[in-house]
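Worksheet for the structure shown next.
Chain nomenclature is as follows: A, B, C and D, assigned in order of appearance, with residue numbering initiated at 1 for each chain independently.
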Amino acid sequence: MPISAELRHEVAVANRILGHEGVIDAFGHVSLRHPERPDRYLLSRSRAPALVEPGDILEFTLDSEPIEPPTVQLYAERVIHGEIYKARPDVIAVCHHHSAAIMPFAISGEAMVPVFHLGAAMGPVVPFWDSRDDFGDTNLLVVKPEEGASLARALGKHSMVLMRRHGATVVGASLRELVFRAIYSCDNARYLSEAKRLGNFGPLTSGEIAMAQEIYTRPNTHTRAWEYWAVRLEKRGEMPAPEVKSVPKAKPAASAKKTAPKATAARKVVKKKVAAKPRAAKGRKRR
Amino acid sequence: MPISAELRHEVAVANRILGHEGVIDAFGHVSLRHPERPDRYLLSRSRAPALVEPGDILEFTLDSEPIEPPTVQLYAERVIHGEIYKARPDVIAVCHHHSAAIMPFAISGEAMVPVFHLGAAMGPVVPFWDSRDDFGDTNLLVVKPEEGASLARALGKHSMVLMRRHGATVVGASLRELVFRAIYSCDNARYLSEAKRLGNFGPLTSGEIAMAQEIYTRPNTHTRAWEYWAVRLEKRGEMPAPEVKSVPKAKPAASAKKTAPKATAARKVVKKKVAAKPRAAKGRKRR
Amino acid sequence: MPISAELRHEVAVANRILGHEGVIDAFGHVSLRHPERPDRYLLSRSRAPALVEPGDILEFTLDSEPIEPPTVQLYAERVIHGEIYKARPDVIAVCHHHSAAIMPFAISGEAMVPVFHLGAAMGPVVPFWDSRDDFGDTNLLVVKPEEGASLARALGKHSMVLMRRHGATVVGASLRELVFRAIYSCDNARYLSEAKRLGNFGPLTSGEIAMAQEIYTRPNTHTRAWEYWAVRLEKRGEMPAPEVKSVPKAKPAASAKKTAPKATAARKVVKKKVAAKPRAAKGRKRR
Amino acid sequence: MPISAELRHEVAVANRILGHEGVIDAFGHVSLRHPERPDRYLLSRSRAPALVEPGDILEFTLDSEPIEPPTVQLYAERVIHGEIYKARPDVIAVCHHHSAAIMPFAISGEAMVPVFHLGAAMGPVVPFWDSRDDFGDTNLLVVKPEEGASLARALGKHSMVLMRRHGATVVGASLRELVFRAIYSCDNARYLSEAKRLGNFGPLTSGEIAMAQEIYTRPNTHTRAWEYWAVRLEKRGEMPAPEVKSVPKAKPAASAKKTAPKATAARKVVKKKVAAKPRAAKGRKRR
């Protein structure tokens, strides 16, 4: 079941927005449930989200097995995605990250509560998951199916779960809701942290949270914010190139490893982008 | 009553400066009272201020109704602007924002007081408005006329009002004074917050505030700072393109929604800018 | 006594480095004592330091009077420079700023002491000056000769003085020493502030300060750091254009004011830069 | 024994990544043990790491003497590198830095402990070295062999040592492990500092650290992160130019000093880069 080029592009853009807005760095990942086969999800091969190209997006079963035999390296923690999609049929997109904004909460165990209207996008409660509870000492990564399932149980019906000494996982009813929630929950974390040090604070009431959350799950709200983040990407030259057909998928990973000392991998990205511009311009004239 | 292209451009630049200097992100908005019809004001269609084009600027009555039937989405919170213009004939420009600098004050309820000369631009007192006082639980947005009027009462004769768990609204006797006040009140918030944690502090006296405020309401002070912010915008390629006539206003919004997955909206901005450069150069030669 | 184009350029670069490295924003200023006439100093016309062009540099007496009748607006606070040059024959360069790093100290009155080797560049003691002590309530600006003289007395034999609720003034035995000291005293302020909140700290001993300060007043240390800051400027396209002869000095200011709404002033800068590139390339071929 | 152009490039890229990711500013340095002669190491001539070109890399004995008579200025603190390579045969790469993230720890003496999985890359213990213990008052620089040896003893078998009132030194079993450890130990410092102020925190257990550290010393982990940092460099135009043969090494330093007022040194860098692009493109076609 081939995924459309548009959808691959959308997933790549979501990855890059979260990289560009400071939610994800070299690590972390973003997935989307397959729009036609809810028993599958789409996720990049293993690489920094800010670099993901449409051609990097692969298809997985909910047991987090690749549909096609992999020729590239895969994310070790993809069970985070698969186990959440299994447990939560309403979830369409998942992001796992270690953003600087939420790490102090993940480390200290202080509660993240909504303290401004946009913070309500993350919901009234952000539960904690501690890998020690079920598994004792581990390397902290979530790589076994039972670890993913344990995290999914901790997430429960909520929209975000903090992972002690590790990071956070956020879910959404759409890719854009996910991006919106991931970014504004980070803002909420920063403001809450600052406000606590400045003085007393009172969080939103449950009534306020419910009403504000209703606003921030509306697609038109997501569209306004998405346009902003997409243009910021575009202006820095960080928008992924349109997918080029017949590129053998195995090669980029292999050559990246071999030639990285000469930064050829990096240059290739720039080269593609330069090459893509005239083509894009022509395309627009034709329309 | 058509608004001049120059004025539309000035309003777009003010929007973008506040976006670029970190006062506004995807949300927030900036308006100007109509220079010839004080019973009207100018405000962008609903989009992130950093992206506002001169062609996005629309005209509203003080009841916040659009003069022409809208073909695009409008900001939900425009009563903030209309109700303040009604209550304060001296106010020429209004900005509503949720900048990271002021959020800890809006959340904690700690008082914002001027602690350095440029901070005096915000005036001696920054009152608080809490939506709960008059309206109980809401989604925290200011969308009903009576909500805007309540906020305008809290603002009173001051230059800035903090909105509990939401953000701030700033007013000015000119667009440039507004931009100046919005930016330096954010600096004041940051310095005050840091100084409080570092040790004791003593705010400016009321005499110092009055004398410093007199300096920071002078147009030549605003001109110097505006040049700085405008050049910063220009250098990052963020200055709005000159307004192109006969562009059907309804289309950008519609196409942005439809094509956003392919980021065509974003590319269009870049395309315009590239195209605008030779034209601008020619224009300058002719002058 | 005409100032060489090279020297004007060096002063403009110092202004821009301090703008680019976050010491100065729209306000603040940087001056150099005239290399051949110690009874004069060089300072830009009134504009944001990050925008200063070689052609903006004007000559002043130590009473802060312009040598030629001014056709452009001058900084209001230039007595800071004149009065320090009068009181301190060893001082060759002066910078007045309100950087975010030092403001919490200027506001709280907490002592700035060297806490790392490079912090020793600012010397063992950073005295405080409070405009209230000699002048009571003012607008906090230093505009009268007696205010400048009072500040110079507070500076005494030191390298930097904090100005309560206003900012700081830094001096140097050369322009590059000044830039070095201004930047690393800001770093010292940030680290001290963070260290105080993290735990106990012990400052450098007076012996350590004296020995480290000896290192950080050596020209070769300044050269290494200056190259770094200058390349950073260059890479962002922020290096001032080479001075073009026969540009009427009065015009830039006037046109900036008149055309700022259209951002023509900003575009002019960009235009110059674009135009300058081919010329510079040619020049390099000829060499 | 000539070093390959590829290796020089790799060392230059490591320098620039650490500059670009905020670990190093104008000061600090990064070295690599010679791959074929373990009694030698490679280190740049004295200049800001973010500017290092492949042609700047020189060869030193473990007594930190240059193999060839130097025609350029050398880092004063290179004994940090030589003495650690002597004491630790397992160490292949060394970085000395004063990043803003770790300075509050170096100043306050608070312990840096791993508080998230990636923080385990720095190992369970980060010892402190205080120059006062062995040497009393100094200028705080590590310039004598016995100072370097004292620091190496404090480092012991660990991967990172904090230097009181000065900075830190990090070591790695490869250049990429070094870069990875330097960057993520800074992140750990920031998160620990924030978490301590926010509430209680519990560090990783020794079992968790050991297991996580095993992950973060795997080359494929370093490859993923290196690709991310290298592309970021490339996109900002900060990747070093390929080494050009027959450039007299002495000249850059001399001309930098002489012409810095005109920023010719800076322009030269840009010129090289512009010139290098077509060549690089050609080179890729041929391969």
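What we mean here is this: contacts are C-beta pairs under 8 Å (C-beta built on N, C-alpha and C of every residue); 3 or more make two chains touch, one makes a residue touch a chain.
What you see is a predicted model, and the numbers here were worked out from it, not measured in a lab.
Going only between touching chains, how few steps reach chain C from chain A?
2
Residue numbers at the chain C-chain D interface: does the shared fraction exceed half, giving same, or fall under half, giving different?
different
Using mean CA coordinates as chain centres, what's the chain B-chain D distance in Å?
Roughly 44 Å separates the two chain centres.
Approximately how many whole Å separate the CA-defined centres of chain A and chain D?
A distance of 31 Å separates the two centres.
Can you list the residues of chain D that touch 2 or more other chains?
196-197
Residues of chain C touching chain D in their complex?
My answer: residues 6-7, 9-10, 13, 115-118, 120, 187, 190-192, 194-205, 207-208, 211-212, 214-215, 220, 223-235, 239, 242, 280-281, 284.
Please name which positions on chain A make contact with chain D in the complex.
25-27, 46-48, 50-51, 73, 98, 100, 103-110, 132, 136-141, 165-167, 193, 196-197, 236-238, 256-257, 260-267, 269-271
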